[in-house]
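First chain written, first letter: the chains are A, B, C, D and E, and each begins at residue 1.
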Amino acid sequence: MSLSVLMPVFALMTSLLASVVLFALPEKGYRLRTTINLVAAVVKIALVAVMIWGIARGREYEAAFTMLPGVEFVLRADALSMLFAGLSALLWLLTTIYAVGYLEDSPNRSRFFGFFSLCVASTMGIALAGNLFTFFLFYEMLTLSTYPLVVHRGTRKALRAGRNYIIYTLTGGAVLLLAIAWLHGLVGDLRFQEGGHFAGVDPSLQAPLTIIFVLLMTGLGVKAALVPLHGWLPQAMVAPAPVSALLHAVAVVKAGAFGIIRVVFEVYGLEAAEAMGLLAGLALVAAFTIIYGSTRALYQIDLKRRLAFSTISQVSYIVLGLCLFGPLGVMGGLVHLVHQGIMKITLFFCAGNYAETLGVHRIDELDGAGKRMPGTSVAFTLGAFGMIGAPPLAGFITKWTMGAGALEVGMDWVVAVLVVSSLLNAAYFLPILHRLWFAEQQQAWPHERRWGRLETSPWLLWPPLVTAVLLVLAGILANVPFSPLSWAELIVLREVAL
Amino acid sequence: MTIHLLYAFAGVALCGIGLFGFIRLDHLLRKLMAFNLMGSGVFLVMVGLAQRGGQPDPVPQALVLTGIVVAVAATALAVVLIRRYYHLSGQITLAEPGREPVKKPAADAHREGPTE
Amino acid sequence: MIFASAPFVLLSVMLPLVSVLLALRADWQQIYRYCLPVLPLPALLMGLLAEPDWWLELPGLMIGGLWGVDDLRRAFLLLTATLWLIGGVFAIGYLKDHKLRRFCVFWALTLAGNLGLVIALDVASFYSFFALMTFAGYGLVVHEGTDEANRAGRVYLAMAVVGEMAILSGLLMAAQLAGSGLLADLPAAIADADRRWLIMLLLLAGFGVKAGLPLLHFWLPLAHPVAPTPASAVLSGAMIKAGLLGWLVTLPFGEVSLPDWGNGLVLLGAVGSLGGAALGLCQQRPKAVLAYSSISQMGLITLMVGAALANAEAAAPLFAVMALYVLHHGLAKGSLFLSTGMALPASRGGQWLMWLLIALPGLSLAGLPFTSGAASKLAMKELLKPDRFDFAMAAYLSVLMSAGAVATMLLVWRFLWVQRAGASTGSNPSFLWLGWGLATAASVVLFWLLPWHADVPQKAWLSAMVQDAWSLFWPILVATLLAAVALRLVKQR
Amino acid sequence: MRALSVVTMTAVCLAFAGLLGLAVWHIAGSPAPVNLPGLLAENLDASGVEHPITAVLLNFRSYDTLLEIGVLVIAGIAGISMAKTTSLEDPDLRTSDSLLYALQRWFVPLMLVLAGYLLWAGSDRPGGAFQAGAVLAASGVMMRLGGIPMDFLRPGVLLRLGLALGFTVFLLVAVASALAGEAFLAYPAGFAKPLILVIETVLTFSIAMVLLALFVSAPVNRAQEPEEGEHE
Amino acid sequence: MTLWLMAGLLFTPLAWAVLTLLVDFRMGRAVTWLGILVQVLVSLGLWAAVASDGGFYYLLGGWQAPLGIELRVDGLAVTFVLLTALVAAACGWHASVYLDPGKSWHRYFWPLFWFLWAGLNVVWLGGDLFNLYVGLELISLAAVGLVALGGQAAALRAAIRYLMAALLGSLAYLLGVALIYGQFGTLSLADVTALLSDGTVAAGQTFPLVLMLFGLALKTALFPMHGWLPPAHGIAKSPVSALLSALVVKASFYIAARLWLDLGGHLGGYELAQLIGVLGGLAVIWGSWLAFRQTKLKQVVAYSSVAQIGYLFLLFPLTWGVTDAISLQAQQGITLQVISHALAKAAMFLAAGNLIMSVGSNRVDALAGVSRFLPFSLFSFGLAGVSLMGLPPTGGFAAKWLLLQASLASGQWWWLGVLLAGGLLSAAYVFRVYQASFIDNTDTDHFFHPPKSLEVIPLILALLSLGLGLVAEPVLSVMALPFEGSSR
């Protein structure tokens, strides 16, 4: 067992073990639970950091064993997995901190944090999966571990949302399974491989491969919330804020998007997928999703619902980026995986803060909140501007790179989509900002809690501030080594032989 | 075609009759009887078919003996169950109880067997 | 030199940005108020001291950053820094304690954006600062929190965002073609582009929103008046010029002659200068009149832009003149806006003096001889002689300029009229006096103290003004006569 | 509707019988490829008993028989689990009819003898443990119905021991043979006959016991097990 | 060594059945623990022996087939023996805590339990058609006895219904055996197969096979003959339900599968295979749907068994007329399904029993608040549910994967729909239970908290089912072990 085998296993195990321990903890063990949570999160970040360092220097990490006849379980860390793993490891720490504060006095904390860790373990597994089979394994595990989080509150609404969530995701999972099994039957156990497998594939396989691709995208599209498979996402916002943050930024939608990346890059291969004419359709779906999500977001009154529709729109940027079939476009898509995560988590943290501190859920109740909670509101503002794509924030980098990528390959209409979407983003975010900062408070806060001198509990305040700083840094320092953009560039250089 | 085959065909007929009774009759004891009838048919087929060559074959006879014991055990168990069921519910069929289950006084039930 | 320039380049942007930290605590807001004039100081110093090779490379920044100044930017930088400094001084006296902290933050952010876009040499930083200025400017527009302000803010924001998107698309396409992130590489790339028309249209429209191009100007007369007076001054004096700067650094000036575009722009400029004046005459409030005057003035500048676009050779000298004009107009307009916030002294003599000082920048705008306006107008006239151009609209340029001068003067009269109608007497805080005084002084004096650009026609200014005094003066006279007639008509009614 | 169902069922049963008959007819058309009776005859000497059926039952296929007794014991257990009998005798049936009593005094010993004979006969002609046990049980039934006092047979350990005795002995023999190095149920050479005899004897007793217990266990106890989750 | 192990394997359950019959409940419990230990060790030993040395035939009484009875001890059989040992051990352990010693009739649980175990071993190892019949009867009667144990009218009705179905099934099977014997003159399955394979008997009759399969399918509760199962499994005590669902129905299926794999190629046909497959598919859909509609917790689980059993019958179409590789894949898939369902369903029933004990009601909607106060019990239930849904990394998933592969490879794509829809439908009923338990309508913990040992048992089973998917490869490799040479 060399270290290169053990590293991915360790990275997976940190949260898996944490989850097991957390389940076993008594409800009252507040300090111990928090300690375990934080230690595990920090250890995971350290492990991922080491792997990132190693991969940048050309090392490889892989662990595999045979699970079923002809099917391997593969954990493998490459540049692409690190993009996702790094994001989730980092945000796990922040979300954990946030969740500790958010759930301070609520029941079922053992259960919550147990599943929470399980969820992150699944995410890590998805990131590190070395073939479709392993990917699917963790993909479904993620579905299951998030369900208890979605229905955590146990209200009728939460249960309904949970039911919808599970219907959508499990159906998607079934379709995905069908596709994976079919693919496996057709060509055997395929590891993810740089450049994909199907360059110059036998023409007789084209037709089934095309159908499989559609099935794969359908299955993954449910989690990635591609229209018309997005129905669960807005409903799932009834979950507690840290869960929404997790769903939208770290785990679920990202898992879908990441899966699409894997399939397009490392199973089919960008070139082969393009040659089979698969990307054009996907691009159209993604573009439609972007516009549709933004448009729907305009009409939402509930803050978290608006954010949810915004997610639908934003995640499709990632998909759209891939379809641009050029180094820059792909880079834009990849980097948005990270950027969207940081931005959206900031927004959800803030939305959670408003709800938890002021009892505010609706946008029209936010008047004057900037004065009451300046820190949160600054973070929210930065997040919102990031989403709009205002420079120099993270979102701008994405849009710029993707726009350049689109032009590079002559898909100019994508620029139009980006522009329209940005306009819509501005249309639904800027009014919120106006209310935050410039409107006078109209009525007493629905349900205010006070924390002495601070605007809210420090557990709740710091995570959004940190992510806000991150999203600024991700934009400003985009060209620095190990920034998301640079890492995406590394991936593109290594993986996409264009 | 020997005489033994006739036994086999008699068994076939018994099987058919038994099956009809088994699926058609609701009364549990009658059902049980039908089952026994069918069982006899099966045993006849077994022995009759094996003896078609003329000389007796002791193996199926031994099997049938075992089969009979098993059938007896099963029948006895069924009767015990049916009786107890009758005592508790007053029913002699497997139909789900209606709104007012016919429940005979326990003392009576204790006395009378499930004789319809 | 990098070591000498780096602190200036960085500080000029970072100081305003970092100053936002002063907002962390409520009881620091008084300190913040007094810091406002300090914020543009490094930029001002840089504008004064800059050498051509003052630039700073920031490879890690976004997609590669490069900040620095050239001649054109230096003029803009000077104007911007000066105006913001004066505005800051004025703001110290103008602001009340209520919502002070918020105002300071947005002031500083807008300032950072405005300065940053001037010194940004790469596309991403330029666009970033431009956006920063746009969005932070919203905070200044809606500061008062009235319904009117909110409405104006909404229009401002909507149009600004659309403009931003147009700019983004244009820049994106241009940068993609150029294969470079440097602004300096864009014009050549655009000139050779297959879809030159689209890129130019996007950029023209995008920056045109800021510059108050006709049909893209709607936000301007709404937003400028409702903002607090010091903010109006910088909005109209400095920020509006950012749009112009955008044009100047991105469009393919000097690369290729585009007579059609020249025609179009001249037409737009004409409509802007005359139409803006016409609308301005109907306004009842002094700040609204001034806002339309800004549109009108930008229209005049657009004439030059059009001419520069139409004739590649003329671009370089025109740039210098535009820089002059920008400086002149910015300072004058700033001073005028600030004067709307002043109360008249009680004494009659003082009032007369005051009115004179108020009117002076206005007259300068109209091109009164021996003012900065006269100098810029002369330089402009010199360059826009029809025989130097061969595009269709070139023949009308001088007529248009004269008509513009008349219109400007009319507007100045209109401004003085409505200002007088609404003027109150009373005492002003000393910082108001200081700010306004500085503004007026800068408008009258500063222009003459500046080092001159090599491309400006070498002329002895004084003698030139004497020679051309009549040509400068008759529009003022005509306008005054018209104004007098109008006054009479109104009084008779 | 009812008629229709009857018709359908009749059709099903006729079809079943028809198919069965057809199968039997086809099968009867050709001889079996394996001559098992012949094989049996060759090995009969090694079995320890003369009668082939008993040989099959208690030697060649003794495992079947062991399990068959197991089935019977199960039925017995299930039977007594239903009942709460204080005695094999039902006090309500006790009679004072002297004629019946006298008759039974003759019959019961006779039946015991008959049972013993059947047991013995099993080794070389039709008969054996089950037949003997059945007769034995019948005598018990008669005693009970006839009202002869049977207090000596109380359920409890004794009854259960009785139920299990035959099976136990059979099992012990089986495992003893395995422990002796042979396969499970392989009688040591030469011991086949006496072992079979012992087994048959105890089996007779146990079979009778089971059948009797099943007959007796009809009385209902009041014990009622509630369904899980239903309140008692 | 293996001979000793075999003797132990055959002897222990029967001996313990007798032992426990003679003592009372508490004593029986202690005795049972010892027996479980012995039996588990013996099963493990045998499994290890076969895993290392390959399978063999065990001659009972020293007589070779066709005269005597031979036991076929191959990889698959010992795997099932081991599975039985594990599940039965868990159920027995659970019952020893769960059952109330105060009720006099509970003492009879132990002998019936041991007889059931013995019967199961008979079936796994059996190679003789009639011996299998006796084994089946042993199982059926013990199972009926367990269902009826001390029960009220409803339990008795279920037991009688069960008994009737079992008897009819056995009889159909026996009739088939009679015909087979009539035709071939032997009862050894291996002999019959050999006779068919080497062409000695050219035209075998299909009808006996159909009869046997019908009987076995009835005992396995294949749709539409499943009516007896839910009442019986639903109303029995939870440890009993667990045994019945996990193991008992598998016994008859196991025989059917062995018959089909040995004889189906000669006596079966495409239509027969498809018909059985279709019935299996319908069972999946219909059973899941009914499970979804039930209001009682254990009925949900019981109907889930109907559905899960449906999957097993996909073996028939997927092994008929296909290449050996595909057939092997299907067999492996079904084997995994049997094992994982056994583990998961046992876990589920035991967990359901714990839950019912805790909330004091057997209704699904009484579970509100369980997630908060009894997360542990629910967790086992949930884990088992995951396996039933066929989600990775459970054994259920591994099974589904292999079946999908087999369906795709054999071109019988229509089973894909069954496999996928079945998974989703099972998710529907499992999540219905979760959902009910997640309702948070009480702040006070009014639940009874079962002893930890009760809660640990289903968890272990569920974890085994979960882990099966991860170690499927080694497990399958033991199943596929060939006989050591030609030992007979």
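Basically, contacts are C-beta pairs under 8 Å (C-beta built on N, C-alpha and C of every residue); 3 or more make two chains touch, one makes a residue touch a chain.
The structure displayed is predicted, hence computed values, not measured ones.
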Those chains which touch chain C and also touch chain A: none
Interchain contact steps from chain A to chain D (minimum; 1 if touching): 2
Shortest walk length in steps over touching chains, chain B through to chain C: 3
Chain at maximum distance from chain D, centres defined as averaged CA atoms: C
By mean Cα position, the chain sitting nearest the middle: A
Farthest chain (mean CA position) relative to chain E: C
Centre-of-Cα separation between chain B and chain A, whole angstrom: 66
Inter-centroid spacing, chain E versus chain C (mean Cα positions, whole Å): 86
Whole-Å separation of chain centres (CA-atom averages), chain D against chain E: 29
Inter-chain centre distance, chain B versus chain D - centres from mean C-alpha coordinates, in Å: 16
Chain E, residues touching no fewer than two other chains: 130, 134, 137, 141, 144-145, 148, 152, 175, 179, 181-182, 185
Residues within chain C bordering two or more other chains: none
Every chain pair meeting the contact rule: A-C, A-E, B-D, B-E, D-E
Complex contacts: residues of chain C adjacent to chain A: 59-64, 102, 124-125, 127-128, 131-132, 135, 139, 142, 145, 150, 153, 157, 161-162, 164-165, 168-169, 172-173, 175-176
Residues on chain A engaged by chain C in the complex (per definition of touch): 385, 388-392, 396-397, 399-401, 403-404, 407-408, 415-416, 419, 422-423, 426-427, 430, 434, 437-440, 475-480, 483
Residues of chain A that touch chain E when the two form their complex: 23, 66-69, 71, 73, 107-108, 110-111, 133, 136-138, 140-141, 143-144, 147-148, 151, 153-156, 158-159, 162-163, 166, 170-171, 173-175, 177-178, 181-182, 184-185
Footprint of chain D on chain B - complex, ascending: 1, 5, 8-9, 12-13, 15-17, 19-20, 23-24, 45, 49-50, 52-53, 55-59, 61-63, 65-66, 68-70, 72-74, 76-77, 79-81, 83-84, 87-88, 106, 109-110, 113
Footprint of chain E on chain B - complex, ascending: 8, 15, 22, 28, 31, 35, 38-39, 42, 45-46, 49-50, 52, 59-60, 63, 66-67, 70, 73-74, 77-78, 81-82, 84-85, 88-89, 91, 94, 97, 101
